[in-house]
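Encoded as structure tokens, here's the structure I'll be asking about.
Chain nomenclature is as follows: A, B, C and D, assigned in order of appearance, with residue numbering initiated at 1 for each chain independently.
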Amino acid sequence: MLDRAKRLQPKLVMYRRHIHANPELGFQEFKTSQYVSDQLTALGVEHQRGVAKTGIVAVLGNGNGPTIGLRADMDALPLTENNDTSYKSQTPGVMHACGHDAHTAILLGVAELLAKEEINGTIKLLFQPSEEGGADDRSGGKLMVEEGALDDVEMVWGLHVGSGETSGIVAVADGPVTAAADSFVGSVMGVGGHGAFPHRSLDPIWLASQVLPAIYGIIPRRVDPTKKAVITVGTIHAGTANNIIPMKVDMTGTIRSFEEDVRAQLHAGLEQAFSIAKAMGGDYVLEHPYGYPATVNDKDAVRHIRSAAEDLLGKDHVVEAHPMMAGEDFAYMARKSRGGFIALGAAIGDKPRPHHHPDFDIDESVLHIGAAVMAETVRRYLGK
Amino acid sequence: MLDRAKRLQPKLVMYRRHIHANPELGFQEFKTSQYVSDQLTALGVEHQRGVAKTGIVAVLGNGNGPTIGLRADMDALPLTENNDTSYKSQTPGVMHACGHDAHTAILLGVAELLAKEEINGTIKLLFQPSEEGGADDRSGGKLMVEEGALDDVEMVWGLHVGSGETSGIVAVADGPVTAAADSFVGSVMGVGGHGAFPHRSLDPIWLASQVLPAIYGIIPRRVDPTKKAVITVGTIHAGTANNIIPMKVDMTGTIRSFEEDVRAQLHAGLEQAFSIAKAMGGDYVLEHPYGYPATVNDKDAVRHIRSAAEDLLGKDHVVEAHPMMAGEDFAYMARKSRGGFIALGAAIGDKPRPHHHPDFDIDESVLHIGAAVMAETVRRYLGK
Amino acid sequence: MLDRAKRLQPKLVMYRRHIHANPELGFQEFKTSQYVSDQLTALGVEHQRGVAKTGIVAVLGNGNGPTIGLRADMDALPLTENNDTSYKSQTPGVMHACGHDAHTAILLGVAELLAKEEINGTIKLLFQPSEEGGADDRSGGKLMVEEGALDDVEMVWGLHVGSGETSGIVAVADGPVTAAADSFVGSVMGVGGHGAFPHRSLDPIWLASQVLPAIYGIIPRRVDPTKKAVITVGTIHAGTANNIIPMKVDMTGTIRSFEEDVRAQLHAGLEQAFSIAKAMGGDYVLEHPYGYPATVNDKDAVRHIRSAAEDLLGKDHVVEAHPMMAGEDFAYMARKSRGGFIALGAAIGDKPRPHHHPDFDIDESVLHIGAAVMAETVRRYLGK
Amino acid sequence: MLDRAKRLQPKLVMYRRHIHANPELGFQEFKTSQYVSDQLTALGVEHQRGVAKTGIVAVLGNGNGPTIGLRADMDALPLTENNDTSYKSQTPGVMHACGHDAHTAILLGVAELLAKEEINGTIKLLFQPSEEGGADDRSGGKLMVEEGALDDVEMVWGLHVGSGETSGIVAVADGPVTAAADSFVGSVMGVGGHGAFPHRSLDPIWLASQVLPAIYGIIPRRVDPTKKAVITVGTIHAGTANNIIPMKVDMTGTIRSFEEDVRAQLHAGLEQAFSIAKAMGGDYVLEHPYGYPATVNDKDAVRHIRSAAEDLLGKDHVVEAHPMMAGEDFAYMARKSRGGFIALGAAIGDKPRPHHHPDFDIDESVLHIGAAVMAETVRRYLGK
């Protein structure tokens, strides 16, 4: 399988570079979707367009067996690329800075690897839009689930390249691997006025100075220290002049967790922290909607990845993944069906190329490895 | 009058040294009271004992005119004297460290200066116990008022020596001169537990860490910056072991102000600050009783002091007093009648001898000045 | 004098309304300056233009005696007027929202009242630009002093209308009446990064949450509680996205005081508060230049105002002014010469019309009172 | 093996009850040690007394093979027992409130189970004093290591009963199972003085109010959120009177972690938090010595426990242990040799009987299970 995949490598690079050069934001993957469709047609793979707006579901297999899924996300980020390569983004302000171009190329590779095989069962290739949406109403993965694309799928796998992990190494783990990622938008409200007469106002910056430490105290004082959690206040904005007390302080932030009880504690703690403004005579508004849930890997799904990857790459190329506080909307699929999320190292050289950064890039030589591991994983599962 | 007073100076020193060597705490001025009574008897001054427990009210004048008052406090402090003088405290743990010995000696001097004069009206010499009580139910001044000693008094004067002010200088001011001095006792309550499992407790030290800045914020953010105010947290106590989260944090403090609206703001702000513990899921108890009110000098009372002092000592020996955040229970008398509080400088040498300190001492040479100013002030008032 | 002034009232209203309808910002008082010059010329009053850029100095008197000054400020504020009057601002975004239009009209009234009088001495009428500049390098008053306009002036008076004070009441006080008004601009700097990985960043919003309470603690814990002081943080800005830890937090604020030692304490305390960011491993930059100093009234200058106002208006129309934390660049003149600042109540109806607010307006009927009090004050001074 | 152990159950109960009724504090286990020695002698087991002061090392086996260890701790806690049982503590103020009585009884049971067996190798039974010491210089486990008792031991097992875990369930896990437990003692120092004159002091309670949130911020802002950590401030004490600003605030606390880099971060962060007092013009002293390290289980050691327990009790009686922030000085032995720490559920009824609590008690029926699992684990290891 690895050899067959290796022969596809030039084609996968071509796919990836084409997509990389033509990035599109979430739910606007029109050209990307067309491109994927064209390639699938060329491979003779039956597929349905317009799933979750700009997504595609392709189907392989003879139907005599279980239905499983393989997912790739297709959207780019609102960044201007800083790299100077032949395939750099042609669209200023939009860039594949998280590797979704690679994921799509890899899944096209899987399509080619498995298109001609006799498969007992059904493999759905889920080309998903808008993974970077952040909020659940902006999630292509969630929308695919809601539209029923996963209804008959008993197990689903996804893959993510990592620009900071050793190239060619596969990392997997049972249980939670990416965090629930919620956000909040809040305001602490006082009474504005002249900076020289604080007693005639109720200074909301002062109120906020009491709310912030209460927020920071939630994790070290209220949450089980053996559990993973983050609350970050990412923005704080108030005021227009040095000598005017503003009416309110606006804040936004992110809330990360793995367990639902911890998640609930963080949300309750945040509400309590903002309520201090009220206890001090002011007021507050606070919205903290749930975003992507945690991605929780299924033991069986992981076992099949590990088995496939160890046989293809050798045991020393497969390591235990460490859960991380980042979010990922594959979580919705892994909740609907049972799921397995694969991390594939793709670091390139010594220069840091962090995800979501204008310098992001990956080692393309891993593309065929990703395709081989995904293809072999499902082959083994369906062959069970 | 100053000459006559000067001739009394050796006697006043004797009085002061005797009282200094035999200090007694508030409402326990048994020997002091006896001593004062003995001197008044020797001077042929009619007086009543047992007023406000250990106090004395002496009476001068022919009764053909208004009744006015002159007040001296007699109690000492729970300190062990650090000075090595011939007249140092003979009672370990008790010391005249605020000059009440001098006040009593001066008022005895006034008695002698005025005893033989033809006075149209009535002068009450109020030898008051327990000024240092702090709380209003420990105040000898308040008790004298409650027992009716001031009922017929239309104006009352008191005097305080100052160990930090230039010797022989009289300072007076209209309006507020000493602060309202209230106290509070509060506890912030959480849930105790093992220090390694904070999530099973509600850490009250964490809650207190939110209450404290809210307390400190009251004055700079809620109170008119042109008004004078203090809230000090004087004690904080919680916990018995480094790895046990305690059940509660105990705090006490003092609240100082001049105006009643500011006083009310401070008390309300304190309540609000503690209520943060409740907003965070804990609880609190808080008592913040009113203590001594502010001493507010009457314009007329001050005018008579100033006139008497300027004529006796010269204009350059009479200055404008600066209000201070210290408390003084003469305030109750000045509220009942109209009052005038006189500050008399009595600094001795370069070494700091702060009030309420084991090193406290005063320049005794001012004793006759105090007596002369008090006597002349009332003479002028009654001669009006 | 009051009768003569009353006869000028319609003219003063005309002046004021013309200036009100044509507001100009600081150092851009081109039309205002021209208008003032035209009126002075019409009155036959000699004057020099171009002082402190757009200011005017007019001169009255025979020169046989001391030189004194009377000052009015001419600039407007960057606000859009909310009132619907016949004389409302014709310039969107610019408005006389602090009464400088009235001050200028009043000083033109003084010119007319005194123009024909035999005056022993010299009266300089100082029509000053840019009072609202805030920083000392934006102060028209300071620039007039620097250009020497006050060099030969032994005493100077200014007047300010108050939209919140009872119409027709004059308030004066010895000593400090407006505060030193300084500003600060600072940033607390950490290390930016992904909100899900706080340990890879140094969160500057967290650092700021430690700096803010330290700022609020300066006044209640470090400054003499009998002194007046304010530090207000007016703006705080940081961050662009809920899940990104920003690199820094920007803050600005205002620092108000009366005494130079308190001013120095506030500035030092602010530096110390920001230094907490450094103690925690981050960094900070902070500028806190001195702005307008406190306006400190001269006793003699005040005595002449009081005498003139009491005789013109009656004793019950002259009250003791309360110092306020607002700033005023008349302070520079009162430092150069001896100064007296007059507050003239001009409240109109029940609706609050706060200074620096789009609803601001005054009771125009006080214009001639202001002119009469100013004219009579200097007449008495020069007649001494 | 389980059957043989079950037959010993009455004897184990007797052992446990005798020890329970006669509790002794750390390094004072004189009677306990004598009792253990007597039982070992009765069983014909060779042993050495006086190891680590009051400890005992007994030896089993023929010496033809590896040397391994089994450890039990023997000390009690300074608590007065609240239970009313026939075997309750006879010593007021001292109580076996953590189950060390059970551990000792179980290890005596192991001695009997293995005393007659042919063992290829050497088994050291380590009866350890003073586990509850807390600081490393009070640790009996550390002292045993230092005295060389573990020098020739290649693997060591310990067992702990849990009054909150289901009776009869064995829990084990690879890697860290108990936390590194360090402590700190610190003071924040200002300048004391009268509560009415805060500006003449430097209020250390104010300084502490800035240090506390900085401490609470270390974990949520500086430490990897996927790592486990606790800092608890357990005590805070300052001041003697409501109106006196004290000189200093004393604090103590506990610091828990698993990884050495996290531990170092916590200690550095604490130092930084206290340094805020210095940045604000005050000072601090802080000691934060390392206490017990984390107990890190060896994979092989755990595999042998799991294999033995699953075979003896059934798979459903063996669960994955969850690491906890509690400390345990078995850590020193597990660092010296390779170690395996076994948790044995022993909950009794519904009433909570928390460790280190006067109500603590366990279900004695698990004693023979503990002995069987320990004995079988080492038999399998030596039989490998």
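By definition in this document, a contact is a pair of C-beta atoms (placed from the backbone, for glycine too) under 8 Å apart; a residue touches a chain by one contact, two chains touch by 3 or more.
Predicted model only: the values in this text are computed from it and were never measured.
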| item | value |
| --- | --- |
| Any chain that touches subunit B and subunit A | C, D |
| Maximum centroid distance from subunit C, chain identifier (CA atoms) | D |
| Separation of subunit A from subunit C, taking each centre as the mean of its C-alpha atoms, in whole Å | 56 |
| Subunit A-subunit D separation of Cα centroids, rounded to whole Å | 42 |
| Gap in Å, rounded to a whole number, between the CA centres of subunit D and subunit C | 70 |
| Multi-partner residues of subunit B (at least 2 other chains) | 196-198, 203, 206, 209, 213, 216-217, 220-221, 225, 230, 256, 324-325 |
| For the subunit A and subunit C complex, residues of the former touching the latter | 134, 179, 181, 183-185, 194-198, 203, 205-206, 208-209, 212-213, 216, 230, 232-246, 249, 252-254, 256, 324-327, 356 |
| In the complex, subunit D residues that touch subunit C | 196-199, 202-203, 206, 209-210, 213-214, 217, 220-225, 272-273, 275-276, 278-281 |
| Residues of subunit B that touch subunit C when the two form their complex | 213, 216-221, 225-226, 228-231, 256, 322-325 |
